[in-house]
Amino acid sequence: MKKYVPINSYETARFCEVRTFCRLPYEKKTEGVDFAVIGIPFDGGCGFQTGSRLGPASIRNMSGLLRGSDIYLGVNQFEYVTGVDYGDVPVVPFSIESTYKKVEDTLTPIVKNGVIPICMGGDHSITLPELRALAKVHGPLALVQFDSHLDVSDAYLGEKYNHGSMFLRGVEEGIIDTEHSIQVGIRAIYGVEDIKDSERLGYKVITADEAIELGPEKLGQIIKERVGNQKAFLTFDIDFVDPAYAPGTGTIEIGGYTSRDALIAVRQLHEINFVGFDLVEVLPALDPANITAYLAAKIMSEFISNIVYKKMK
Amino acid sequence: MKKYVPINSYETARFCEVRTFCRLPYEKKTEGVDFAVIGIPFDGGCGFQTGSRLGPASIRNMSGLLRGSDIYLGVNQFEYVTGVDYGDVPVVPFSIESTYKKVEDTLTPIVKNGVIPICMGGDHSITLPELRALAKVHGPLALVQFDSHLDVSDAYLGEKYNHGSMFLRGVEEGIIDTEHSIQVGIRAIYGVEDIKDSERLGYKVITADEAIELGPEKLGQIIKERVGNQKAFLTFDIDFVDPAYAPGTGTIEIGGYTSRDALIAVRQLHEINFVGFDLVEVLPALDPANITAYLAAKIMSEFISNIVYKKMK
Amino acid sequence: MKKYVPINSYETARFCEVRTFCRLPYEKKTEGVDFAVIGIPFDGGCGFQTGSRLGPASIRNMSGLLRGSDIYLGVNQFEYVTGVDYGDVPVVPFSIESTYKKVEDTLTPIVKNGVIPICMGGDHSITLPELRALAKVHGPLALVQFDSHLDVSDAYLGEKYNHGSMFLRGVEEGIIDTEHSIQVGIRAIYGVEDIKDSERLGYKVITADEAIELGPEKLGQIIKERVGNQKAFLTFDIDFVDPAYAPGTGTIEIGGYTSRDALIAVRQLHEINFVGFDLVEVLPALDPANITAYLAAKIMSEFISNIVYKKMK
Amino acid sequence: MKKYVPINSYETARFCEVRTFCRLPYEKKTEGVDFAVIGIPFDGGCGFQTGSRLGPASIRNMSGLLRGSDIYLGVNQFEYVTGVDYGDVPVVPFSIESTYKKVEDTLTPIVKNGVIPICMGGDHSITLPELRALAKVHGPLALVQFDSHLDVSDAYLGEKYNHGSMFLRGVEEGIIDTEHSIQVGIRAIYGVEDIKDSERLGYKVITADEAIELGPEKLGQIIKERVGNQKAFLTFDIDFVDPAYAPGTGTIEIGGYTSRDALIAVRQLHEINFVGFDLVEVLPALDPANITAYLAAKIMSEFISNIVYKKMK
Amino acid sequence: MKKYVPINSYETARFCEVRTFCRLPYEKKTEGVDFAVIGIPFDGGCGFQTGSRLGPASIRNMSGLLRGSDIYLGVNQFEYVTGVDYGDVPVVPFSIESTYKKVEDTLTPIVKNGVIPICMGGDHSITLPELRALAKVHGPLALVQFDSHLDVSDAYLGEKYNHGSMFLRGVEEGIIDTEHSIQVGIRAIYGVEDIKDSERLGYKVITADEAIELGPEKLGQIIKERVGNQKAFLTFDIDFVDPAYAPGTGTIEIGGYTSRDALIAVRQLHEINFVGFDLVEVLPALDPANITAYLAAKIMSEFISNIVYKKMK
Amino acid sequence: MKKYVPINSYETARFCEVRTFCRLPYEKKTEGVDFAVIGIPFDGGCGFQTGSRLGPASIRNMSGLLRGSDIYLGVNQFEYVTGVDYGDVPVVPFSIESTYKKVEDTLTPIVKNGVIPICMGGDHSITLPELRALAKVHGPLALVQFDSHLDVSDAYLGEKYNHGSMFLRGVEEGIIDTEHSIQVGIRAIYGVEDIKDSERLGYKVITADEAIELGPEKLGQIIKERVGNQKAFLTFDIDFVDPAYAPGTGTIEIGGYTSRDALIAVRQLHEINFVGFDLVEVLPALDPANITAYLAAKIMSEFISNIVYKKMK
């Protein structure tokens, strides 16, 4: 039996065992694996409802339902890839700066090992130090952002670092290549000028209305064209999805994709050269039936298929 | 800084301060404002699950997420209009008649002042005294009703006043101009003859199936044509929306609009001359992720854009 | 007043009285009725989240909202049919085999009486003994299965009987006529070969993606053609529906029908000669706003219209 | 097997069957029974959090755990008494006066038959019409009230009838014999003069602090002495009990009895000649673990032991 | 009618109106009042479950049940004192240091005005800047701390400021007079040496076991003796109380006082010269029946009686 | 740093990392450890509310709050003992017999290694195969049972194995030495003869009333005297504790110990020679604030102190 693959659910029931992502081994090492799932349970960057620090635990719980089969690729994922649940970054809930350092320090050796990090938030503020770690190895990255918010505010409540400013900071730090970057699903706008602010930074912006009009296949096509051959990072804020499908998040916004269309959209991106991924803003206290946590797990699994796709070739 | 506008969310976080609608000032006066938001926390008219008396509190909580920007009009709302949270009508939970008097007494001076009331239920029974107050000033009104129920029953459980009879009572009282009125989204029918009963009263009825077939833009067009230049009242029962998008209400019915389409439909009505509005039947005990309360706030905000639209001209 | 019809909700409020399905009489006899609603509160066959033993109680609670009118047929159902709430099968939570015997023993005399059983789960494992009871009278049945899972596993965790194996067992037992059977909505696949396994057994399989592509009317047409004039059984696993619309179930899967489309699909099947029905896998602990339980009641009511349709002719 | 006794839980699991109180037969007749359990799902008299109309359904659900054995009397209850679940009074949620009439009309023939009514609220306002029905047969009754509130307000929010005024109204109507009546557990006082107001009406008042100081046995003794040989009515507002033990009620108050002491106190009252009983103010939406509903069922069962005790002699 | 007193609940129902503490006026000024209630919705200092930023909103909601009568003093509080709900400190969720500054800046003028601040957390970290503001006017304060934790850790996760370190920091800053300070209810100990650490700082420590042994009256006596005539600050961490009585908090610990005994203990302290107060760590997401929020409101009301007591003299 | 001890919570926050019991290493080996924590997530033996299969996950979540310090022994536990979280037994939810075999097979080598198993249910039925595994090595064991139920029924619903029969079966199998066994906290009696049935088997029975009368210290003394020097097993059904303190369990019963007294009682038993332990019947769906899960973790920690005590000597 191959190492670093999920527990066999025909032998051990899905509700058994210590909860790791997709029932993968819990290991603090990454030799010989393709990807590492890493929890970043930090919610000190959020500006409305808090509690996403429990997001990784809830995603792990529900990820027991994942099956490792991809009917679109026609393969069982773990015949092509291996992975571990690396556990969590030891975040510092009292300090976003200290947390940023811990995230960067944890990810750097993993990225240097050639392992793809699949991170689970936590609030969206955690993406910045992920990008820092990745850019050290890969240089500036194309950003593919599924989100209802732009997150390019300068100072919010007088502070530079929070879950609404990362994609301005990343530009300032030179770690985002905005020319190949795209923000999709945008609909929670603070002022009518906000989209133009983002475009001035170089981002391409597709609003939720536009994305719905396009449908997930064409949206995927546009994203692929935007990114081209650049090394890229996929950041998926669960509030991209409509609240009916993803109620468990802190700053919901009406009018997003269905969860099915979100999965279809991500599925279009197999050819993009992603070097990292995160799924953020799952807030279990607002997710009584766990449908948001399971959706998060499915999107993560869809990203794993992205890695599988490349290994199949 | 202009008075009677929301607290600045860049200075004071959205979860701070005493909860008023859209972070507007809490004032028991209406001089110099365009609209007044008024809670009517009465649920003594409801025939199934109760608890909508806590609706206004929950909508106020979630309305902290509203941003005051309208990307469709391309303006920030509060550059054009002002408003207050007037607080609640001192309803009498033990008596629908006493409550009706309180509602009418509270609204009458506001309406006379030329201020548009934006009411939050409570159950749907509260619309009748609102109409009474408005009709005293404006005469019989065209009714635009988004709802899954017709609410034209005569006596229910032997009583004339309840949340299923207002739009018969309003006709009997001569305060609804049914020739320019329309009921849309209807799907919870008690007997197969019910729609004809409503049509006999003069209402135009559009079932949920028809409304979905039409789509929100055409639905909006039909409503506008029906109302014409009449002074009108917009009553939005949150159960118009499908339970997946609005679970938090007492008498759900399968097969409604998505929340996005509901917002689009309301957005079509800018040219209608609305003199009043209410949003009813939000029931927080059935709304664990607060998505229904936030949707209610969004619909109310969309109605504010209706006022904005007129001021822009 | 006709016997075996619901309590009149104009006289007794919907939240009053001991909870029976659709407010029908609670009777342990079936003389003179067209159908009997039977709870089968067993959840000992489920492999992930448990608690569907409380499904029947929750469906009964919410079924008070049913109105007995069918606007599509244009009739009030109980002018054509009668029914009882027969109560529950005395299941044995500690033993699936003992429970199977209880189900079969309870249903057999009802079926022999010519009464159509409308069963409420409990988990999906209960369908097997229902089919056994029906097949004794009617012979092998065409199976119409709405589900996100195939449920044709052989042994799961080493056991033959569970909520993932019934439709293999039924074939082995010769009580399912797979040539006229169809599985629709399939999307939670354990291995990429699974669908072929089901097809080898003779089932026609329509995946969720295909079903969404087709739309509910064409899906209904395909089902009708598949079944033809065979006596048939309709089994509806609530996880066929997307989790946004039916969160309250134990093994959710993203990407199903909306609840409205599910109702439309069932409505197409009036001409099929169904001799039995069940609705399974409602799990109240994951259904905080009761929208899943109410959807279940609506689907059951739609099935009652199937019986009504035949009586109208 | 004796009629009108609970379903045998060794043969039919506790979670099976349509939910009746204590698994008793659901019958709208009272010939040959000692007591009838009657739901009164009215919450239109409550002044804070609403939803107690679902109290009877929740108590019925949890009462499946009752076992019919009384280890203090050393007997199995249903070897001595019989009873039915009579279902609910068809209350009118829109009108307290109409509801009062329905309660009185429903109870009167039951009481005339010599059957003891055991009522489940709903809010406390329902006790007044119960007393009216009983007083017609038995004359003015001694009231034994377990409660954190006095409920002797005159008009509240301008209305005479509500859940805070019944025990003034009952005195005015001459149906309460205050000389033999007692209010115990009082602690939620609106003004410091309130207790004296109650005493002026003739009630003996024991505050929660006094009751805790006394302990349940001595409290029982005092109650017995107060009532003497008078025909009496026991009204138990679940908010008598501390919120830790009974969170599911609309107007909690800190500092009550534990649930165990409450049961001990009721158990002391076997010699009192109770002709009726009610248990009120259970609010399921605030009772997530159902401990309040089960406590209510236990207190009702303890009252049944009161009837048993007399039959044993 | 006196200004700055609660809305009359005989005229306006308790569930009506915008939620302020105890239905007091919402005013950002403190002239002519005895106390100001101030929310400090910061939870960025907490080390386990987060969400106490919503504490003030929940306490305000439930405080509508407060009645302003004190049966122990025999007076109605608002015949002696006045107060306002000052709203919230504009905390900065992303930075504990920035928040500390906001708290200090907000409180300083209030304290200078001679108004007693009654603060609602938020997590316990907020007490430090409250003490800073108070010490500027009053000098070092005696601390009376009800808590299950000592909160004298040095660095936690490498950070100086968090909800476990304030009472070490306060000593270091010279704003706590430990010789007259006392920590009561301690039971969640990280290492067996911790209590000695606290004692070395000068605190008197009473464990939960000792406090239960003593009972609330004697505990109160000991506290009074410890504090003497010093100006003092009362900080009440709701986790002092046992989880059965106060489940809604982030770091529960078994084995605390009942809520009734907690109220009795606070009631003993009337003679202490308190110049400020806070109630912290209420976490609404873990408080489904709101009993913790109401307990918090009651403790705050008990503190108001402390002010009343002095005015009565 | 010693192996097999918890993660240091001063370095890694308590809400970080994959959830293991008490933050111990997750290892499927037991060389060099004193105890192994083992989840047994089986709930197929329960007769009322189900869902305890999620008990181990919930206990692991909350056990992050444990601190490893024992202020009564005056030591930090992990200076004396080591342990692992062994993960879960691969239970078979569809078959109690198959599950029994898995439990026995999993525990046998652990017990043979001289490692003490600390098991987490799951429902109480799992204790029987634990005893089987232990008796193979240790011979018949003295049983110390904290419970509200006797669990000595013969057949329930016609089945021999379920959560109400283990302690009759264990006697029949000769693996319980009833002469040194004791059942404490009993109060949920099915028939008045039940206690005598248990005594006839040789058990000593102490009812909840007797246990409360005795208090935890004397109760502990009696237990110690009963067991003497026999090798013993401690089984703790969380429903021993009163529902106010432990709401999250499937068959609550009013009138148990407080959680504090439960801990004190267990603490008295240090001198008993326990060779195994389990904590059963935690049901997270009924435990919204997780206080039951945390209590379970505390009781388990108290049992660890029992092991510590012996190592200290």
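We call the chains A, B, C, D, E and F, going by the order they appear; numbering starts again at 1 in every chain.
The rule is simple: a residue touches a chain if its C-beta (ideal position, glycine included) is under 8 Å from a C-beta of that chain, and two chains touch if they have at least 3 such contacts.
Since we're looking at a predicted model, the values are computed, not measured.
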Shortest walk length in steps over touching chains, subunit C through to subunit F: 1
Equivalent interface positions on subunit B and subunit C, same or different at half: different
Option reproducing the contacts of B-E, where over half of them reappear, out of A-B, C-D or C-F: C-D
Centre-of-Cα separation between subunit D and subunit B, whole angstrom: 40
Distance between chain centroids, defined by C-alpha means - subunit E, subunit F (Å): 38
For subunit C paired with subunit E, centre-to-centre distance based on mean C-alpha positions, whole Å: 55
Interface hub residues of subunit D, defined as touching at least two other chains: 11-13, 15, 47, 49, 53-54, 90, 92-93, 156-157, 242, 244, 288
Chain contact topology (line, ring, star, complete or other): other
Pairs of chains, among all present, that meet the touch criterion: A-B, A-C, A-E, A-F, B-C, B-D, B-E, C-D, C-F, D-E, D-F, E-F
Residue numbers on subunit C that touch subunit D, as the complex places them: 11-13, 15-20, 26, 39, 41, 53-54, 57, 60-61, 85, 87-93
Sites on subunit D touched by subunit B in the complex: 43-47, 49-51, 53-54, 90, 92-96, 98, 125, 156-159, 161-162, 285
Subunit E residues within the subunit F interface of the complex: 47-49, 156-157, 188-192, 194-195, 207, 212, 242-244, 247-248, 251-255, 286-288
Of subunit A, residues touching subunit C in the complex: 9-15, 64-65, 67, 69-71, 74-76, 242, 244-245, 258-260, 263, 288-291, 294-295, 298
